[in-house]
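Paired with chain B in one complex and with chain C in the other, chain A is shared by the two complexes that follow.
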Partner chain A sequence: MKKEKVSILEHGLVPKHEIVGAEEIKELLDKYKIKREQLPKIKLSDPVIKEIKADTGDVVKIRRQSRTAGKALFYRLVIG
Partner chain B sequence: MQTKEEVTKELTGAGVEQEIAELIGDEFMLAELTAGLDKLLDSEEVEEGCAEDIIRMAGREEEGEIKFGDIELKVNESAIPKRIKDELKKKLRAIRTELNNKKLDAILNGVAEKYNKSKVVPREAVGIVAAQSIGEPGTQMTLRTFHYAGVGAIYITLGLPRIIEVVDARKKPSTPAMKIKLTGEYARNRNKAEELAREIEKTYIRDIKSEIDVSRKDMSVWVSLREKELKRRHIEKEEVKEKIEGMDSDVHVEEAEDGKLRIQVPNKSYQELRKLEKEVNNLSVKGIEGIMRGIVRRENEGDGEYMLYTEGSALKKVRGIEGVDFSRTTTNNIAEIADVLGIEAARNAIIDEMMNTLEEQGLDVDVRHVTLIADAMTMEGEVKSIGRHGLAGGKVSVLSRAAFEVTVDNLLDAAMYGETDELKGVTENVIVGQPIKLGTGAIELVARGG
Partner chain C sequence: MRTKRIKGIKFGLLSPKEIRKMSASKIITADTYGEDGFPIEMGLVNQRIGVIDPGLRCKTCGGRMGECPGHFGHIELAAPVIHIGYAKLIYRMLSATCRECGRVLLKDAYFLFSVSGTELEHDLKREIITEKWRKEFGDNGFPLSTNASITKEKNDEWTITDKELFIIRKETGNLNVYDAGEKGRFLNDIELGKGKQPGVGEAVKRMFKEAAKHTVCSHCGDHLFDFASNARLENSLNKGEDVISKELRRKFATEGHALSKNPSIKKETDNKWLITDKDKRYIVKKGNGKLTVDCGTPQRVIKFDKPSTYIEIDEKERKRRLMPSDVRERLEKIPDEDIALFGMNPKSARPEWMILTVLPVPPVTARPSITLESGQRSEDDLTHKLVDIIRINHRFMDNRAAGAPQLIIEDLWELLQYHISTYLDNEIAGIPPARHRSGRPLKTMTQRLKGKEGRFRGSLSGKRVNFSARTVISPAPDIDIDEVGVPEAIAKELTVNVNVTERNIDLLKETVKRENKHPGANYVRRADGKKVKITETNYETLAEELEIGWKVERHLRDRDIVLFNRQPSLHRMSIMAHYVRVMPGKTFRLNPTVCPPYNADYDGDEMNLHVLQTEEARAEAKILMAVQRNIISPRFGRPIIGGIHDHVSSLFLLTYGEKKFDREETLEILKGIDIDDLRAPAGTFRSEVSGLRSVDIPYWTAKQIFSMILPAGLNLQFQGKVGGVTIRDGNLESGVIDEIAVGSFKGKIIDRIVRQYGEEAAKKFINDLARLATNYILRAGFSFGISDEDIPREGEQQIREETMREAEHKVDELIRAYEAEELEALPGRTVEETLELRIMETLGRARDEAGGIAERYLGIENAGVLMAKSGARGSLLNLTQMAACVGQQSVRGERIKRGYRGRTLPHFKPADRSAKAHGFVRPSFKEGLSPTEYFFHAVGGREALVDTAVRTSQSGYFQRRLINALLDLEVKDDETVRETRGTIVQFKYGEDGVDPSACEYGKVVDIDEIIKDVMAGTGA
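On to the complex of A and B.
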């Protein structure tokens, strides 16, 4: 049995996560008139967060494959 | 190289007006033009059969008439989701020759309007709608049902018990199972797939022995192995021997003439040998912890690629095994998915599991309801159950919690800690007899006098 680990980011169930820049975060929060803490959360210990090396307080943008919309954007705040 | 005349002739033959054909002929050689068209046809944007239309459209410059590329551009600009865009583009392309700018604008506006109308209105109680939309079909579901994966003998919980399991966010489902997709040769060759199945299947001595006993006469443990099982599972006797000897440094194994294995440990009492016998019986020879059985099946009723169904689940451990296509391998253990692949993957898994279970029971529930539940369950970064210990238990309102379950406990705790209820939710306002803050109740309008 060969061990050649496949990245979890390649898995069909895992959508693309990326760290969002400060400007985009402001736009997002203004658009929905919310505070950063009101965003859905993702844990620092989440395997994808470890993989993309995001830190506590970062906001990640998730490009979901949606069954109804085709593509959908979702944001999560990284918490410790 | 073609002459101008040839180009014009060919273009007029394709239905282009004489005047324009000549214009094109001046600028292009047809070879160039068709090469360009071929390139366009190769790209995903343009479908087969567009070539003539492109040539025909090249001749349309009158006002209001649609130009090539307009459809693509305008659809992309309109504020509708990608899936609707894709569908729209396909349909518009089919009627492209009958379109003009005015018509196209009318269609796009119409679609955008319909889309906006179909959106959920702010303050709509989507949670209740979702709960009822799953609850009602739930009454039609079988209460106790197990099912086979394919024709094989793997049990998987389905129906209502499975829905409850998912919504309860159990750490381990009652029947863990994996669907392992294979790569390359493994997906095409049944023998290779079988080999892999035997490789990952957890095998203990007890699965391959026919007899195990302690002999008082020579103070040793005797194991006889079933040759057939060894062959089926691709295990060499030598491997078994090594495994047993690996248990402890003073364990010695030798093969007797009749093929039996004799296990000797110096200075052991009969009692201790009895204990050793049990340990040997439960000794693992090969395979992955947690995978009880692997069954090879073909996808799509027997003509697709080969894949493995397993009883038991160990997503982390099958990653990186040769022949396993990890990127397409899934398990029905959602907690495991959250652990290995993250919260977003868990959300997808919840949706898939629930939709598949509902579909298998012949129930048609809109995916949006299920999506909402999955979103609510994963909102905090971990998979939370819907219930006392999860979402409902995490509510801010005391009255709402008390109304749900264990009323007295909740009220008592709240009194002890001096909690306040802001009366913002539905339940608490119903309890105190106020209008609920939902739908029209969410807006406070005051009529201006005069």
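On to the complex of A and C.
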């Protein structure tokens, strides 16, 4: 049988990750009155991060399904 | 407040120099106190190393007892001794270093190629790998991958990390490229591992393993031969492995060291080369126009004989013990540059410091002696141990000075090692623990720190507290839920500090005058801070003298606020604020309705009580920790406080059917409940008096009585355990009150009252319901006995002769079918499994049927049934087991099959598959069990017991780890969850920012209820 390569981004259990633009990062940091390092982290070696080609220092926005809130937004800082 | 962040913690070893430097006194005498009763100079209890006797002054700092923190002393050891805590590390280091030169047995960096050019140098300085560099590497046979990265190490030295590790050094104008070699690679790994997991430790471990594999040193060796050098020979050496000139081969061969076909030659520096040929190693050095060839020093195997002996085995299998002094010499030889390979910093931790030559003596304040009642002094365990060390140390020195034979010296050395080892750790495997005269093992250094009772877990993370009490708890249904009954004896011991002011001075004078009779006081504190105990002789004068600005430590009194706690404190409701109620007796009393949050019962449970000492603490406790604040559990958003056991039985009994009570009865049931309006009676009985005239006696219904404790205007409808319950406008219109209505963990009425009328109303409701229930059940009477499990003979007969006989018949039939191979397997099961399942199913059904039959004869008037149906306690299954049939006993969900080969017990034939041979218990508990049945029941019961034991210990540990991990997380004002550095963990608490204790049944908004409310409000 031929193995078909499936992008993990299309997997149902993988929430949507997207790289956040500089403007939005500033808004985000201002909203929570935090520095970049105070964001939750995600490793560069994370499969999704590799797939969307984010780099160290980028901030990714994750939209995921939540058991309590239906939809939830989450941000993570990519680290090495 | 200024906060500081810890940047790092430095760990190191104490050097002998440092030990001497910090020492306030050399200790040479093993004695403690002299005949004059004063500490001996240079003794173990020495006035220079701290004072523990009142009145004496420290000779080092001049401080008195309590002021002087104590100072270290030291003992000069007669011979070096292994520090037992480092014994393993010492072994690793010995195995990893050369026995001659002390260098780590790893190969150094070796030369690869050389380049030059300002442009290349410039690229290095910018720390970028340019195409030019790539080309250089490629041309020399070391192509770099795209992942290669460059870092500057120090001036004129850079490293390139790729699959290989390269070092570039600027030397004599050239840029020389080296392969980092084993040493360089490990150094790099260790550097990278810093501050990471698994980190330095793991890299160092690998390094030790790798280094110990080398059997020959590549740094030093015995001289073999030399010959005159020339350019051709040097060139051949420089070119490396591929081309070895014939000339060079010949030179080696003539000296009897013929090289094999392709040895590896590596240039380490301009005048040092390393030739590795199979397991031989030649170190070639240039000097004075000559090339000198050394052989690498062969290494010997070192054996670690636990706990603290090292033995070296040579090529001829001869053994030689390495004394601590030998070990120390070897460790001293390890050069500073190589120490980094151990993950250590030579400035703060030289390996030889792991061998003790000087022993620090802790200050006496760290090992105080206690004076016994007899006036005799009893020294601390550490002091005892130090005495032993000093004694042996002296003997050692005396013997050596007298020129004693080696054997005796070695014995003494061993003894000194034993005493120092046990001084540091008295629980080493393979060493008998040092014992006290009484035979009790001594508590030495390690034992002071280790474990639950050790310094960390026992004294720093948790300690004993003042103003606290602990005793057994017992029930008091007549006190409020937010009260706690405190025995008078405890109330007299625990105190509250009160400042004397203009307004309370008269009252406090009275209090002081009461001496030690209950609402009195124990101490007064004068304005100058002096504390005076109130005694029989001085209480009158003290009361007279009392002034504004003084303080009085008065007894605990009614309505004082205290914290009440039961361990394990698994959730926040395990500690709640209660109001004191001083009572006779010796136990703490608490209302049974608050047992669930504490998970308490009265089978001997003990609880702790803490008296709050500041106004802030009292305010905080009152507002945040009061019992009524904790009615709703934040865990599942429902009341955790509510009626239990008899409360539920009682209210069920009361509201079941249509009970009527005359005025007297009604008032009795409502006794102790604050109601100002009895409401109009529901109707009247007609009662005949003396046959002539009749009187109308007013009556109240049970539902009316229950409604009197409900808040006015309450509307609620829900499904109870037996039919629906309707409450309209504060009146119970229909339905029976049960566990779902008022029980803890469920309590729909309580839940509604908390949300609609607030915590105070809920508290009053729970208080009232507990009283009402207690009053009624006292009146009605409620009991359960063996005769309550009686069922009529025909019922018994039906169970025995119909249900059970049928089931047994069915089982036999199943077994017959199985044996005749007629039984058809269920999907995914073997025939055998199918048989087991079918038998279990048949017998299970038989028991349920038996239960059903029994139930037909036991109505709601049966106390057992009432308890089961109302949810007060027990289940119908329990009743079935008592009255009808105990049923199948199981282990891991299967019939019992363990025991002998082919049978469970010798009472049965092998291969008997019948119900009774595998744990089916036919009779009820009341009828009684046969010996085999009893045994099977015990087998099944044991599993349940083991399960709970295992579960509690495991979940307890899991809880501990979870709490330690989440301890610092906090929900901030903006609803984010953050840890101490302000780093966000959740952008919104629980992703929806909802507090489960503030919403109905876990839902954010209960639309149905809102609609109902609106409809009720509009009068629809």
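Following the convention adopted for this analysis, the second predicted complex is superposed on the first by the 80 of 80 C-alpha atoms of A that agree within 3 Å, B and C clash if a C-alpha of one lies under 4 Å from a C-alpha of the other, contacts with A are read in each partner's own complex, and residues count from 1 in each chain.
To be clear about the criterion, a residue touches a chain if its C-beta (ideal position, glycine included) is under 8 Å from a C-beta of that chain, and two chains touch if they have at least 3 such contacts.
Predicted model only: the values in this text are computed from it and were never measured.
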First (chain B), second (chain C), both or neither touched by A:P15: first
Thinking of the overlay built on chain A, is A:D46 touched by chain B (first), by chain C (second), by both, or by neither? first
Let me test your reading of the model: by the given contact rule, A:E23 touches which partner, first (chain B), second (chain C), both or neither? neither
A:S66 contacts which: chain B (first), chain C (second), both, neither? both
Tell me which partner A:Q38 touches in the superposition: chain B (first), chain C (second), both or neither. second
Tell me which partner A:Y75 touches in the superposition: chain B (first), chain C (second), both or neither. second
By residue count, which of the two partners contacts chain A more extensively, chain B or chain C? B
Footprint overlap on chain A, comparing chain B with chain C: 40, 66-69, 72, 74
Can you list the chain A residues touching chain C in their complex? 32, 34, 37-40, 66-69, 72-75
How about chain A: which of its residues touch chain B in the complex? 1-6, 8, 10-15, 17, 40-43, 46-49, 62, 64, 66-72, 74, 76, 79
Residues of chain B touching chain A in their complex? 81-86, 199, 319-322, 326-328, 330, 337, 339-345, 348-349, 351, 367-368, 371, 375, 378-382
Show me the residue ranges of chain C that touch chain A in the complex, using the header's touch definition. 974, 976, 978, 981-985, 987-988, 990-994
